[in-house]
Each structure stands twice: as C-alpha cells, then as structure tokens.
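Notes to accompany the following structure.
Note that the chains take the letters A, B, C, D, E and F in the order they are written out, and that residue 1 is the start of every chain.
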Amino acid sequence: MYYHDKRLQYPVRVEKPDPLFARQLQQAIGGIEGEIRVCLQYFFQAWGARGPSTKYRDVLLNTATEEIGHIEMLSTAVALNLEDAPATLQETSAQANPIVGAVMGGERPRHVVEGMLQRHLLSTGLAAAPVNCDGVPFDCSHVYASGNLAGDMFCNVAAEATGRTLAVRLYNSTHDKGMQDMLSFLIARDTMHQQQWLAIIEDLGGLKESLPVPNSFDQSKEAQEFSYMFMGTARDGTPVPPGRYSEGPSIDGKGQFHFKAFEPLGEEPVLGPARPDSGAQKEQMTSPPVTNSKT
Amino acid sequence: MYYHDKRLQYPVRVEKPDPLFARQLQQAIGGIEGEIRVCLQYFFQAWGARGPSTKYRDVLLNTATEEIGHIEMLSTAVALNLEDAPATLQETSAQANPIVGAVMGGERPRHVVEGMLQRHLLSTGLAAAPVNCDGVPFDCSHVYASGNLAGDMFCNVAAEATGRTLAVRLYNSTHDKGMQDMLSFLIARDTMHQQQWLAIIEDLGGLKESLPVPNSFDQSKEAQEFSYMFMGTARDGTPVPPGRYSEGPSIDGKGQFHFKAFEPLGEEPVLGPARPDSGAQKEQMTSPPVTNSKT
Amino acid sequence: MYYHDKRLQYPVRVEKPDPLFARQLQQAIGGIEGEIRVCLQYFFQAWGARGPSTKYRDVLLNTATEEIGHIEMLSTAVALNLEDAPATLQETSAQANPIVGAVMGGERPRHVVEGMLQRHLLSTGLAAAPVNCDGVPFDCSHVYASGNLAGDMFCNVAAEATGRTLAVRLYNSTHDKGMQDMLSFLIARDTMHQQQWLAIIEDLGGLKESLPVPNSFDQSKEAQEFSYMFMGTARDGTPVPPGRYSEGPSIDGKGQFHFKAFEPLGEEPVLGPARPDSGAQKEQMTSPPVTNSKT
Amino acid sequence: MYYHDKRLQYPVRVEKPDPLFARQLQQAIGGIEGEIRVCLQYFFQAWGARGPSTKYRDVLLNTATEEIGHIEMLSTAVALNLEDAPATLQETSAQANPIVGAVMGGERPRHVVEGMLQRHLLSTGLAAAPVNCDGVPFDCSHVYASGNLAGDMFCNVAAEATGRTLAVRLYNSTHDKGMQDMLSFLIARDTMHQQQWLAIIEDLGGLKESLPVPNSFDQSKEAQEFSYMFMGTARDGTPVPPGRYSEGPSIDGKGQFHFKAFEPLGEEPVLGPARPDSGAQKEQMTSPPVTNSKT
Amino acid sequence: MYYHDKRLQYPVRVEKPDPLFARQLQQAIGGIEGEIRVCLQYFFQAWGARGPSTKYRDVLLNTATEEIGHIEMLSTAVALNLEDAPATLQETSAQANPIVGAVMGGERPRHVVEGMLQRHLLSTGLAAAPVNCDGVPFDCSHVYASGNLAGDMFCNVAAEATGRTLAVRLYNSTHDKGMQDMLSFLIARDTMHQQQWLAIIEDLGGLKESLPVPNSFDQSKEAQEFSYMFMGTARDGTPVPPGRYSEGPSIDGKGQFHFKAFEPLGEEPVLGPARPDSGAQKEQMTSPPVTNSKT
Amino acid sequence: MYYHDKRLQYPVRVEKPDPLFARQLQQAIGGIEGEIRVCLQYFFQAWGARGPSTKYRDVLLNTATEEIGHIEMLSTAVALNLEDAPATLQETSAQANPIVGAVMGGERPRHVVEGMLQRHLLSTGLAAAPVNCDGVPFDCSHVYASGNLAGDMFCNVAAEATGRTLAVRLYNSTHDKGMQDMLSFLIARDTMHQQQWLAIIEDLGGLKESLPVPNSFDQSKEAQEFSYMFMGTARDGTPVPPGRYSEGPSIDGKGQFHFKAFEPLGEEPVLGPARPDSGAQKEQMTSPPVTNSKT
C-alpha cells in the first residue's frame, strides 16, 4: 500500500517560464527514457519478484516509490514553465508576457506558440501530460519485467543510463537556475540508480556467475561452437577491427572470443504451395515443378 | 550497402508443424525481446555512430546484418509450423490433418483454431508477421539508440538478456528436434551478443571509466550528496535489507553507498489560477486566498 | 444504411489561411477530444445497444451521423487554412504568399514551415489527416462502448465536456471570423450533446436509480463498509479537506460519506520461487528460508 | 513525495490458480477501464490542478495514491493465479498440475496453454504486465486531464463507471472465494469513487452551475439556436423517439430541448487545384472550369 | 452532411451464434484490411480532393458513405454471433447454451471462453469493438490519403484487394448460411471497388499517362540510368530470375527494363565526433585520427 | 543470410546542414511512405512466399535487400544535416553556428531549436531515429503481406507511389545540391519499383487474369448482381458523375459497370436484451415489448 506527503521530494523552482523547455521536459516524463517508465518498470518487477527472499523486491519497491515523486517534480516543472508566475494576475501578465496573450486570443506571438507542444495549449490547460517531447503518449510496452532477475537489472541499468543522458541534455539546454538545481538532483539519483542495479548483479556473484542470462539454462544444450564467435558479415570477408569482443577470454570466463567470416549453413527455404481456399492467387496453388529451373 | 544469399544462416527444420508454436515464435520476431528490435537497434546505433574511429560502427554493422538472418530463420520457422509439410497436396493433408481442414472450411477442430494467432489464418496466408505472440505489431520506439556509446551497450546487453531468456522459454516449450536445433543456435548467438556488448565496455576502460553514463558530465554539477545514497521510502522508515547496493564502495569507485530514510525537501506546489479564456471552469480562475495551505 | 448530401452541415469559411491554425484544428479531428472519436463511439454504442426498446439506439444513431458531418467541416477547414485561396493561381500566390513559396521549393520562410504539422506538407498534399495537433494518429481504443447504458452516457458527457473545452480553446486561438463562426456552431452542438446524454440518465430515473454503475450488481455482495468511505493516504494521517465528498449522504442516497485514514489490511505478498526451466536465474529457484527477515 | 508499506491494502488470496482468470484480470490492470489509467489520470489532474485552493488537488492525490495499491493487488492476484501455490516445489507440482508441466516442457496440456496470455508464459515469467486481457499494452493517451475541473470530474466518473462494470464482470467470471473477496473490495471502492467525483460537481454548485463545460465561455458567442436542439439525421426526416433529451427544459436550465430534422446550411466545398511541385498528379493542377458542379 | 436509415444495407442473419467467428469478424471491422479503414480513407481522400472538377470527390463520397453501412453490418453480425438468439430469455438459454452460462458465472466451458476475444466478454457487453481479431485497436495511421490522385487509387486497390482476400477467408471459415450470404454481398462489393479505383486510373489516361506517380515531377531531374534498372543484391552477383520486370519495355513505356548486379557507388560514411555537452561518452568526443578508415 | 559493404549504395553529401530538413527526411525513414516499411514489407512477403517456383521470392529478396541501403543513406543524411560539418571542432563551430551553440547550452537560437524534432536534440545525440517527421515511431502493422501475390503487388505499388510522392516533395523542399542528388537517385529507384511490381502482375497474365483479387474464389458464390454496380448513396438519389467506373465493361472483362441509387435491403437490427450478470444496467435486461412503439 502507498502513502503521500504533499511536499515535493526536492524543490522545484522556475525563474523564467519557458514553454519550449516545458516541451523538452516532457521527454523526462513520458519519453522512453523517462520517469513513468522506470516507475512502472520497478513496480512490475517488484510485484512479480520470485526468489528465496523478498530482499530484491524490497529494493525495487523503494526505488519505484521514489520515482513517483520524480514524475511529480517534473510535472510541476512543466506547469511552472507554462505560466508567467504562480500567483500573477492574468491582466497584468497578459501585457507583460506575449505567451499569455497568445492563450487569451490576443495577436499571437507565433514564434513562441509554434514551438510549443500544441497540446499544452489545447488539451491540458497549461500542464504536463504523460507524453514525450514530440507529443507521443507513453506506451507501457516499455515496462521491461522479464521475471529474470539479472536480465531485469541490465534493463534497469539501460533505463538509467539513457535517463541520465537525457537529464544531462536537459541540464545543458537551460540557463534557469531553478531548473538546473532540480536537474542536478535528478542526475544524482540516476547516478545512484545505475550503481545500485549493477550492485545487485555483484550481490548475486558478479558477471561470471550471472552470465549468460538466464544462467539456469544448461549451456551444453546450446550450439557452443557459436557461443563466443564474432560473426563477420562483410561481403568480402573483411574481419571486424580487433578488440576485446573478438579475442581473449569471454566476459563470463566460459569461452574464448574469436572471429569468423560466416557462410550460410542452411538451405534456401522452399515453402509448400498455397492451399485451395486459403485466399491466395490460383497461380500460387500448384505444386512446385521438380526442377524450379524457370526461376 | 547490403547483399543477400538465398540460403539460411543455419538450418530450419520442423518435424511436426504446430500452429501454437508458430504463435509463440512470433514473440521472437515482433516482440520487444525479438529480432526485429535488435536488428534495427544495432543498425541505427551504427548509422549514428560518432567517435574517433569507425571501429564500433563496424562491430555494430556486422551484428545488425547477422540479425536480419535471424528474422529470416524465425519467419521461415513460423511458416513451416503453419503447414503440414512443405510439398504435401492439400487434398491428402486435409484428411490427415485437422488444422488444414480448418483452413479449408471443413468442420473446424475448434480447439486448434482457437489457440492460433487469428491473423495467421486471416491476414498472412499462413506465414509470419512482424507482430508478437499476442498479435501486437512491433513498434520502433523500442529501437534504443541514444548517441551515448556506453548507454547503448547497456541497452544492447538488456536486449540480448531478455532475448536469450525468451529463446530459452521457447526451447523449453517444444519437443520438436528441428526447432530445438534452431533455437540452440539462436541461444548461442545471444550468449555471444551479451558478451560482446559488455566487452566493448571493457574495451572502453571498464565500469569505472564508463560510469556514470554519460561520463562526460562534470559530476561536480550534480547534487553529489544524493549520488550514492539509497533512498528509503518505507512509510515507517524501515531500512532496505542491507546489500551491496546500500553499503561499501560504489561500483564506479567514486563514492560510498549508504542508506537514508528520505523526507521531503521541497514544498507543497501551488500553481497559479487558471487564466480567463483558457477553457477552465470559472471557479478555477480566482486568486488563491492568502491562507489556503490547510484547506 | 447511410446517405450523403454534398453540402456541408454548416458554412465553413476561412478569411486568412493560417497553417498553424490548420495544425491546431487537427486536435478536433484526430485528438482524443475530437470528432472521429465521438462519431465512432456513438456508432459502436448504437450498433451494440441492447434493451427493451430501440429508443436509445435511435438517439445514438442520429448523433453519430451528425458527427460525420463535423469531421467533414473540420477537414474542410484544415484544407482551406492550408491554401492561399481556393481558386488562386500558384504563380501569383507564390509571390504574394511565402507559405506557397515554401511548398514550391522557393527560399523557405522557415518560421512558418517550422510551425506546421510536417505531414501537412509532406504526406497529405495540404489536407487534413486523422491525426491530432502533434501528429499522433487517432487510435480506436478511445471508442468507449461498454454495453452499460448509464456508464456509456457518462463516457459521452466526458467526451463532449473535453470536446467543448477544446473548441473553446480553438475559438480563443483565432481571429478569423469564418473560423469563429464555424466554431460557434460546433460549440453549440457540444453544449447540446452534453445535455442530451445527461438527459438520458434522467430519462432512466436519474442518478439515484442509475448509480452505482452497473446498477444490476447486488450491492450486498460488495464490501459495503468501504462503499462510501473516503480513503485517506496522507503519510501522517491528515484528513482530506472536508467537502461534499467526505460528509453527508452519498449522491445515490444509499450511504453516508465519511473519511478514514487507511491502514493496510493485507499481508506482504510472497510469491513462490521461480520454477526450473522457467527462464529465471538459478538464484531465484530455491525455496524461501524459514526466516527471510534480514534478507 | 510518496511512501510505501509492504503490506497490501486488502488481502489477496487465490484458492485455485487459474491462468485464464489471470489473463482476464489483466484488463483491470492495463485495460482502458483499469487501474493504471485511473492512477495516472488522478495524478496528472492533481499535479496540474489550478484554482483558488489546493482542496481538489488534495482529494485527487489521496485517491491517486490509493490506486497504486489497487494495481499492486491485481498484479499480485495475476501472479498467484499463474502458479500452483506460492511455496510448492516444482517437482511435485509438475506432476499434480498440468500447467506447470507445460511451462517445463512436458507434454503440453494444449487446452490450457492455448487460452493463456502467451506473454505470461514467454515474457513475464508468470507475472503481471501492464497490458490488457488481449495483450495490448496500456497507452497513456487514456490519461484524461484537461485542466477543466468539471470536465475532468465527468472523465473520472466515466472511468469509474466502466471500471466497476469490468470488476462486476470479473466477479461474475470466477468462483474462487479469494478472488471474489478481493473484487468485492475493489467494487466497493469503485462505488465510492463514482460518488466522490460527482460530489465534487455538487461541491461546485451542481449541474446548473457547472454546465455547459467549460462554464467560463460566454454563451452569447455560441450559435445558440443550435444549443438545445436535437439534430435529426434520419434520411426521411423521421423524428427521434421523444424523450427527456428532445423536450422540456435543458439540464442546465438555460434552454429548452426541441427536435429538428436537419438540412445542410453550408455549400458543397470546392478546394483549389493542386499546386505545381506539390507532388500531385498533373491532372489535379488545372483550374476548375466555371461550371463544374455537376461534373 | 450525412443521413441514416435504420435498416441495414443488406440482411444480416446468424443461424448459429459462434463466439470464435465473432472474433474473426473483428478483423473485417478493425483490422487493417477492414471497413473502418476504407471508410475513413475514402472520406479523407474526398475531403482533401483537389482538381479541376469535383468528379472524383463525388465518387469517393459515395463509396465512403457506403462503407459506413458495411461497418454497421459487420458489427451487427458480431453482436448476433455473441448471443444465443436475439429475443431469447436468458434463463432458458443459460441452460441450453454453455456460453451464456459462462457469462453468468456458471461452471465455465473453458474451451469456448478461451477462444473468445476476451474483451467481448469483459469490455463490450457482447458487442463489436473497433479492434482486430487479436484485439489490437484500429489506428488511423492506416488511412492513406496522399493528395496524389493516382497514388491514392493504388492505395485503394490495395485496400480492397486485401479486404476481399480477408472476406474470402472469412467465408471459408464458416458454415453459417446467414453469414455466408452476408459475406457474398461484401465480397461482391469488394470486387466492384477494386474495379472502380482501377477505372479511375483508366479515366485519367491509363498506366502510361499516370506513371510514374507523381507524374508531375520532371523525370529529367531523376537519375534516369537507375529508373528502369533491376538492382541485383545477390552476394555473388547471380541475376534475378528473368521476367517481365527485368527485360522488355517498362510498363509506362518510357524506358527499358534491364538487370544490373549492383556495387556501392558511395563512400563509407564518417560522421563527426560527438560534441562536448551533447551527452555522449568522453571517448566519442575526440577528433578522428588521420588514418582510421581501415580500423 | 545477409552481408554488408561499408560503403553507401549511392553518395550522400550535405552542403549546408539543416536541422529542419533532417526532420523532414525522417518521414522517408519512419513514415508510412518510408523505407523501413517497404524494406520489411518485401522481406516478409519473400519469407512467406508460396507458389510453384521461388521466382517471385527471389525478386522480393533483391529489392528488400536494396531497401536496407536506402534506410542507411537517409539515416546518414539526417546525421549530416544535424551537424555543422563532419570533422569540425566544436569550439569553432559553436561560435560560427548557432545550432551548435544551442546544443551546448549557449543562448539558444530558439527559432532553429523550436523547429527541430525535439528527440534529435534530446534522445538520439543528433542522429536519425525510426520515427516519422512529427516524431511518431514506425509501427509494423504497416507491413502488408497477405499471402496473396497479386494483392501484395498492389500493396507494393501503393507503397512506392506514396514513397515517390514523398521523395518528390522532399526534393522540392531543399536547395542543397547534395541532398537533391541523393533524392534524384531515390526517386529513380521508386520509379523502377512502381514498374516492377506492376510488371509482376503482367507476368501473371495481367489485370484480366489477376482480378478480382483473390482470383481463386469462385465468383458464382458472390452476390454477382452487386459485383459491377456503382452504389449511389446521395440522399436524393443523384447519380455519381458518369465515368469509366460507372459505365462500360469492367476492368477484369467479367462484367458491365452500371450505377444504382441504393436502398436498404436489410431490416432494422434488434439485438436481444442484456443478460443478468452481464454488467449492463437493469433497464437493459427486460425483454422488448411486443410493440416497441414508445420509441
């Protein structure tokens, strides 16, 4: 069960409202690198956690709950960037601020309005929405929760790595001290979250123990001559530039990297003819000739 | 530029066609853990690669090109699982095989048809489609390519970890020797791909050098007291179970993990009143009274 | 069955074409508050209507049919906003009008082009599309038709309330007399539609009869101590500000509103270990120890 | 900011796991009538709330926070329906339970597996996902938050009306006493939530004050002869069956309902010819002849 | 403007309700080959039609309006397939019909319920929805309307070709005489629609006049040595099997087909280094060394 | 199996980087008229091809493989349009180029940034993404592969017709000689692809043999009086303007076009009452009266 405190996790101040920055912040709310995604991802991983103890479920629950507060902070930041100042009377601000004029049907400063997320004007009443910076709604297929603990941790590191990259880009896109302060907090939290998910892999014994994911599959059943081979597909057989991925022991310590210019091992596939009444053309329904030479 | 060879990368045989397994294989084609995703992900990372050399672009191009062949193998496997046998005449098979009868309008063996992906019958003419096992089309928002090399490598490890988990589940769902053989190859390749993307991180100096992602942001600008703190959100302040993520040096060697039961540092946010002509209710348009914090 | 008249339901005139307003009008076509949505919503409710008479089916059919004409009006308005004037020769207008120049490859007035829905230039040939103002296509999951008459009426009121709010915002965003005239008609129709769906609830006996939706479920089977209780989730138990929703008789007259700071009634959930061959990590497959407390 | 308690809001017990019911419960998690939707909807309404006091923001925050706990309960219920029993060893249950056998690669009881959401087997490791009962991921475009308080309340009533209808259908689909108990709680909460959002409209003065939404638009600007007219579209002019929606005073008390068989008031629209270099066919680029109305 | 007649365009009778067939019919409603798509596609093409006369706009309007009636027929067919018989009392049918029992909470005939579109039970109250046979909602990105008349006609032929293929597959999937009769009508209409869109291309002068689409682009600006060349991509240069597409005059009569095994004409692309503060890794930010092309 | 050559199929040069043109080029990558779509469409048609020979499978494989190279060229063009020049040091370009300044947090030239696809700045690190020009990700439901050879060829012609129209519009939107050169190549290839898919229909015997699609359905089973009739839906019975589609022999030579103002042939549909426990309102559950006259 969950509880709320009306206060924000960290202060959110906007010195100079900027509707374009409001649009850019949306990526951190409803983008695939954003906070709705990690919030739901950690929750669904927690709610489906299976294992000998509830330890990792607890870790996930704490961080998922933290993330709700991040969505709240960013949504507040979007709303503040979309208004002149929280308690300003509109009559005054309409004169001072061309954006307000735009909303009210005054002669539009087209330049500003054109750069806005249009739905901020038309659909939300100058508030945040669970969409990204180009207006695409967040779609929960991005909630990665596979039931494999190590696999999920890599998904979480990936989410926090793209998340912190986004937060850094947002930090670099604004001069507003309030916004930079908020982002300095969110960037720090992304630092920690990258660390903590990798730490769980260490907690489980590290890369050698955890890899390959899933580590519960008997590797003798896989076609092991291909398990540590870098497959080259250059038309002329040129090898890949040598690197850690093509020579030396594998990361999991169970094999030796090597390169091979690959050639097809299978045949050209030939499917059967289409069946009568299957909705194909008549011409597709005859048997293949013994020698499909005309081809 | 790209070239093809009509032969498959690895043999694809189906001993006993099974339309339910055809449906399950779709997850490996059009699911978020599937091959279209990694194929396009590696291509877009390659095509946007920036850096001092084209080394990693080359690595990505090789593996992206390999993945086209995996989609091809799986699509062939779906088509083969949807027919009785490649060159069998339908009149015969209609009697021998109730599934064929179903397609042709005979008395339907409902049990089999009900379990199929309906579009295999109605939309593809008994062939694969770029959708997942429940029929949801693949959506390219899952192509993660952030322009940050280390972040993208973690995205790739995540993709291959969920991909190999899926392949293992498919392997465990079939008794068909042909399908198990094909999957033993795909599982091996997923093993290698997990390794090679982690190897690139080692190539770049390992976790200490690469983290936090992006490593080009000056960490003195982040709110560092929160960078290695595990934030507790238990209502009653109960700490998280202790683990590698809450004590000891951080993974990047730049901090020390510690736990803190968190309290709000911000205020309750108060947005301004709605503006006239903004489409809100009249009641939302008056200024807030001086004391409304406890309303 | 359906018929058409080539004339529009109401005049559509544009005095001064404005491609940014064309973009904004798209929200009323393909946005979730838009006309495609209500059109299909009323049709699907009508086509699935069950009940003692076809009365409400008839009402729904009339209004659904009306809505096709609204999509037509708005699509015409988009096309008109995207051209200089219906019968103007391009050679002339290209000189007079920088937008036209842009389309024809002249030196682009970037300011104007940047603010356009890019697909208006690239994909539709200067005409409307079934997408919203940020270019997201309408998706029919927004067609609410639950088979419950009262529930559907609330969905319809909701649709018309957000629809009229949008129309008002569009009205306030333009100075074009033709567009304002068209919108004054659409706003009036939204007024009526809000009324008529609420009138059907009155026709059915009003809120007391209709609530809770569905009214066919025996309320003695629900956990009635929670049916009229406002659940407080403030961390420190602070009550919600008192209001009509927390005290006095309930709207359906069947209970008494009251507030309660809630505490968990359930246990911490513990799922079983992951099963062998289920694709989890080995570490997830052992039984939980008797005391999993420290973990 | 938010907090969690590891215990569930209300007990979740499953007497006899049923993977088909697990699938059906997904509709209450990731369906448009489900809990993710209302949770995010109330949060985004709260975070964007503008008005003279924070009263309604507080109400929304309480209920949004409650809803996280509902998603948690349902996700737990899905996981429990997907396993034999929480702490059972798989070797035993594999013999006792054909579903478990299916997961482990034993001879598949196809009947059961065919009816499952395939991703429960292949993608989540026998746990819930943020998708609906047919596997379609939840998409945040369903988070209705318009910035208009009354409009949003109708959206909330609509959500809770379809939500309670769904919960009733789920209740009627199971015989499991544990599941019925959980649903009796959720149904009760949906009852309350329908009431409380309507109570806010009463708090604001009731339907007469609140309608039409938005009530801040000067109705003298709308084309008032159409504001309370039921528009008939029957081809032959047949009136709609008379009812509360076609006669008597309007619900907002500001007009009188009446019926009118409607005729087009506009002209046939004629768009200009396509422009050179606009990518149309040459034939579309000539001016319309003077008389083309009957062409 | 539009009008309705309460009667169906063609009779819809179901002799023996079949919930699996109800599910399959959904593909013809909300699938990409379905009727919502063509209905909206023809409407948007009509509403955006530009040209010397309104002739083709009229043709499109007639057929678009016809298609609304097809959605109506199919939706009615879905509802009828989901009930025992239109006017049967449930008490009786509950005993006679296990499907009804399932809905009412009796012991579920799992076989039948498992094969249903789950939302038919849970979300629509036994009626149609604008989704396909696997439950994916129709998405209006499939409304092709490019503003190029000839291009749109090919899109329409494509839509009707896949549409008729689907209708034939549905016809072959049922023994119900009523359903076959309805489908025999819809198949006939798809025949006509394929014809009529091709007839418009003839009306415009045929393939030679119309091709390549758009015919308004000066072909001297295209790289004409590649305009009628079949590009071979076989790794070893094997030519494509000879056919009409690789030899002889082109379809538009403006060139001569010929085959060429293609070799790259461009260089290996080298993008610049990542910029400071662009969120990339530090390692990506140095200039490329002078010789790294073969790395 | 597939191979790559690091060189591009055709040169890609950008003389003057233009971030707005980068955005527009995205439509040719991830738009429905774009290259990802045709690439996957041809691959899935090839991989599911059934018929007497593998001839058309070969043709499809060649062209699908060619299309990968087109995505690569366009992605390279996007990246080049997003940078000042490949090897320029940022310190210099930051002064020379306001766009670079924008990325680095300098005073933003808002005009330029506002017109960009925001994700080019925030999510891709100045590179291409598989999304369209308004930022909507490509969704694989647009991969048309029906298993009917002739139907698929019409889908391919449609794709190439809209594709070439788009390429022409892009050509007309830029003055960059490098970009025009690249587009002149892509336009030429679209010319060829339109031709070659139509040539396959000729190879199969032409329109008379191929139509109606599918040609394997016995036309005596369709309701043939409607197979070549143009259905008029004008409210007043006005015929459609006469044309090739309403008179003369049909395109397939099997019928005669004629016009008919259509009248409903079916009845008003009456569905049964809602069933108890089906989640409808009580009022919907009574039997219809003998005369539903009150309606």
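Just a few scattered comments:
Methods note: contacts are C-beta pairs under 8 Å (C-beta built on N, C-alpha and C of every residue); 3 or more make two chains touch, one makes a residue touch a chain.
Predicted model only: the values in this text are computed from it and were never measured.
Listed here as common contacts of chain D and chain E: A, B, C, F.
To overlay chain C on chain E by their CA atoms, one rotates by 180 degrees, a value rounded to a multiple of 5. With centres defined as mean CA coordinates, chain F is found 25 Å away from chain B. With each centre defined as the average position of its C-alpha atoms, the distance from chain B to chain C rounds to 30 Å. Rounded to whole angstrom units, the spacing between the C-alpha centres of chain B and chain D is 27. In chain F, 1-9, 32-33, 47-48, 50, 53-55, 58, 61-62, 65-66, 76, 79, 103-105, 111, 114-115, 123, 125-127, 131, 134-137, 139, 141, 146-148, 150-151, 165-166, 168-169, 171-172, 213-214, 216-217, 233-235, 241, 262, 264, 266, 268-274, 276-280, 287-288, 294-295 are the positions where the chain touches two or more neighbouring chains simultaneously.
Chain contacts here are complete: no pair of chains fails to touch.
Those residues of chain A lying in contact with chain F across their complex are 20, 23-24, 27, 31-33, 111, 114-115, 132-136, 166, 169-175, 233-236, 262, 264, 266, 268-274, 276-289, 292, 294-295.
Interface residues of chain B facing chain E in the complex, by the touch rule stated above, are 1-6, 47-55, 58, 102-105, 107-108, 110-111, 113-115, 117-119, 121-123, 131, 134-137, 146-150, 204-205, 210, 213-217. Those residues of chain B that touch chain F in the complex are listed here as 1-9, 30, 36, 40, 43-44, 47-48, 50, 54, 58, 61-62, 65-66, 68-69, 71-72, 75-76, 79, 123-131, 137-141, 143, 145-148. The touching residues of chain A, when paired with chain E in their complex, are 165-166, 168-169, 172, 235, 241, 277-279, 294-295.
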